[in-house]
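All chains are identified by letter, namely A, B, C and D, in their written order; residue positions are counted from 1 within each chain.
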Amino acid sequence: MRTKKIVNAGDHAVDEMLDGILAAHSGHLARVAGTKRAIVARDGPRDGKVGLVIGGGSGHEPTFVGFVGRGLADAAAIGNVFASPPPDPILACTQAVNGGAGVLYMYGNYAGDVMNFDMAAEMAAMDDIEVRTVLTTDDIASAPRDRRDSRRGVAGNFFIFKVAGAACDRMLDLDEVERIARKANAHTFTMGVALAPCSLPQTRRPNFEIGAEEMEIGMGIHGEPGVARGPLEPADSIVDEMMDRILAEMAPAKGDRVALLVNGLGATPLMELYIMNRRVRQRLDDAGIGVHATWVGNWCTSLEMTGASVTCMHLDGELTAFLDHPCDCAMFRVG
Amino acid sequence: MRTKKIVNAGDHAVDEMLDGILAAHSGHLARVAGTKRAIVARDGPRDGKVGLVIGGGSGHEPTFVGFVGRGLADAAAIGNVFASPPPDPILACTQAVNGGAGVLYMYGNYAGDVMNFDMAAEMAAMDDIEVRTVLTTDDIASAPRDRRDSRRGVAGNFFIFKVAGAACDRMLDLDEVERIARKANAHTFTMGVALAPCSLPQTRRPNFEIGAEEMEIGMGIHGEPGVARGPLEPADSIVDEMMDRILAEMAPAKGDRVALLVNGLGATPLMELYIMNRRVRQRLDDAGIGVHATWVGNWCTSLEMTGASVTCMHLDGELTAFLDHPCDCAMFRVG
Amino acid sequence: MEIAASDLVRMIAAVADDLETNKDELCRLDGLIGDADHGIAMALGFGAARDAVTALGPEAEPSAVLNAAAKAFLSGVGASCGPLYATALMRAGASVKGKARLDDGDAVALLRGMETGIRDRGKAEPGQKTMLDAWAPAASAAEAALSAGNDLPQCFDAAVMAARDGAEATRQMVATKGRAERLGDRSLGHVDPGAASAVMVIAAMARALPA
Amino acid sequence: MEIAASDLVRMIAAVADDLETNKDELCRLDGLIGDADHGIAMALGFGAARDAVTALGPEAEPSAVLNAAAKAFLSGVGASCGPLYATALMRAGASVKGKARLDDGDAVALLRGMETGIRDRGKAEPGQKTMLDAWAPAASAAEAALSAGNDLPQCFDAAVMAARDGAEATRQMVATKGRAERLGDRSLGHVDPGAASAVMVIAAMARALPA
């Protein structure tokens, strides 16, 4: 029994999706000439500005392609569903956004992405383009605290890319942009749960099996298993478990401020996400933490997976300023 | 076997959702004092302006509450899941947005909503507030063309409310606002399909049964059955069926322009919606129709229903100007 | 038999209990041709009505009980059944206005009042596959039984039976009112959920009549 | 036995065919501890490689075939297996550079070249539950069989058997590289999909050796 999808041939899904995206957002986005999957901002890359290239597998929309635009990423390299893009489109993005001030690669910390982006960086070096890389590692459930560097990047990309994009837009130099991007990552903490699997357009089969009364805790965004499986709990208990861990890691002082992202994985209604946000706020209020801004919605998805994540970015004045800096992308706007 | 949801008690879902919405969007939204489910824009209602009150059942988020804000609706009355709000919150909204120039009610054409809003309008009349009503009836599958008035309102609300809200924001008088709202409705055409049901937080049971290879054609946004059931088709065939019917009704001339909404019902990934948009554009290109603007996403949902709809608004200069008029809502911005 | 305000309170509570019990079944029926929420709305509405009338003082008259129930129903529910039952209860209240206790004729008039309220608010006619297809024959059957000299429990029994037949007959009807209207022929073969709940309402009232 | 460029083309085509056939099973395995796409990526990669090498002229040397396959794999896939197999094929090409035909020793060196490419790119060691746990014992077994005086089909058979045992052994391993790394103990009990596909790659090569 195949899962139900509105697709044509599964192998064409990514390219057809990009056709549809470019048709809808031609004011914001264009393909790099001669490529299919290197998407560049119409307004963004410019001389003297550090170019920001993001990317990864498809299936997380609006991440990554929706975050390309003035004030955020200059280009995104798009892979197959849940598969890193190969070096070619990454290199094409790199060349397209190079303004002579260097290029920053940002993407989630996955073995496949690391290998492909690193190969692209080696090729870019042959073109005398200086490339730096900042991996996102916000998923606190994916490895213990003392191995933060081996954690994977999930919905926190949203904040981390946003802040780095703002730093680029303000024409800071590559060292400074890199510093800020690393800081943004270090200040961002995500935890997720999944209730039901997604399926790939090619396999049309659930990516994993899960019991009718179970949830997967500390889930990734590709249908990978999480750190544990447990009985499905009420919303407040789920959020409490997330916030306990996030607060323990973030270790905020009373009066500190955060930015919040309550993110749906694809098939969870806004109703449920806002019910979660209610509890997130109660917990932050109880801890004396202020909320600078909140986004609730499907920002980093896993196709039609059911589930959600909560991300807190621990703010200081610098991160707040970059977060508030305007951006104008096809699927995300600030200011 | 209960469907999986991130909720607490099902009966509390709507109020807890609103708590979460108000926590996230306190800059845009507030409860009318003394009410739980009358939500008013912080910036919007003002003296001399026609007040726009929208509303309906919950479960369609970001419709309705997300469309409250400057330049769009002044207030929304929120019902239980898929249930019209009772007259009380509608009346509270009416009083809160009354600027002395009359109030317009806009909502989808459903028996329950009509009865409750009409009762509220009678009560408002006792307060000497002039209320007019424009029902949305954009779902072309829900009744034949010669009974347009008995069609239901679905995702086209998005365009119709937007245009009417702009007319109010420009301080046009009640007659003129009503004329424009009716025109917006008359120019808006939607058709949807559903692949899998939603479930209510209280019942936690699929709202309907559907075969593993079937889709429901001409589906509403409450899990009501559609006009027909058929085998699940490839994306292009589904869109072709929608566009055949939409184009036949809209009867555009070559060179005409439309605004497009490719809307997900809740659990359909953006990937699939953009694949649909690709085909929608091919069909419009073939017909020589231009596209003024496109929105793709979950704008009018049916909890976690799987499926999608396509809406075309047939534009002229007047509708285009109102559509482009800025609005600033918690979940929707233009300009 | 005489019905006091306190009996009405008990009857409303009985309706609320039965709807709470049958909530899921009504949602299931509504799922077939509607949006699966009818049981929730009915249980909520009569639950709110029960809470409101239980809170009334002993001095409240029957019409005040019905009015309080109507108001609570109206502000507690929304949906389609909210205005319909609120108007039904309001009209029932009007039909017994000024009476301290209801005799058999008053009680039958109360049923007709409910039916009239639903008809006025919903602008439906029998045959359109709505709750009216249970309420209209029920009110008529109670009136006929009363004219034929039956006592009130017998009148209510007749009403219940007529409501049940009426609800069953909706299976053969194509909906032309309410949410199911857009289904056309696809509404055939299913009982209208509002008609099904009407049977429960009337049956619970009958059961809770004073002994 | 001698392997010509055209034999390599046929061997790559055989691998592509087998992966296409087993695509679904590899996705299923990847679903258990990864993201369910491994079969898609492998079939795509070797499919692209096959198309590229089939398009080469008859004058192409073995190393040119392997380089063309590497390039096609690299730009066609992405994912983890893209850089890994692209590097493997590139290194295999380097290991037979300048030869017009491969003798048994060259063919065994080709296997070792692939293994080295995977190791260099992925920076994994055997025991970390990756494709290396099939490739490393396979290359060693082929070398040992050759030293023991076996012919090439026998060397490849030894490689296939060692790869199979190596893949099977990943069941007992906790992943410390790749996507499954975050699973910790939950990766136990499942075969690594990359190791499973490595068995298919080597077995298809063996099957397609010139007769």
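FYI, a contact is a pair of C-beta atoms (placed from the backbone, for glycine too) under 8 Å apart; a residue touches a chain by one contact, two chains touch by 3 or more.
Just so we're clear, the structure is a prediction, and the values are computed from it rather than from any experiment.
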Averaged-CA centre spacing for the pair subunit D and subunit A, given as whole angstrom: 32
Subunit A-subunit C separation of Cα centroids, rounded to whole Å: 54
Centroid distance [mean C-alpha coordinates] between subunit B and subunit A, Å: 29
Residues of subunit B touching at least two other chains: 81
Junction residues of subunit D, two or more chains touched: none
Category of the chain touch graph - line, ring, star, complete, other: line
Contact pairs between chains, per stated definition: A-B, A-D, B-C
Touching residues on subunit A, where the partner in the complex is subunit B: 1-2, 4-9, 13-14, 16-21, 23-25, 58-59, 61-62, 81, 193, 195-196, 198, 201, 212-213, 215, 232, 234-236, 238, 260, 262, 266-279, 281, 291, 294-298, 301, 303-304, 306-308, 331, 333
Partner subunit A, residues of subunit D touching it in the complex: 24, 27-28, 31-37, 39-41, 44, 74-84, 121-122, 177-184, 186
Subunit A to subunit D touching residues, read off their complex: 57, 79-88, 110-112, 115-116, 119, 139, 142-143, 150-152, 199-200, 202-203, 205-208, 220, 222-225, 227
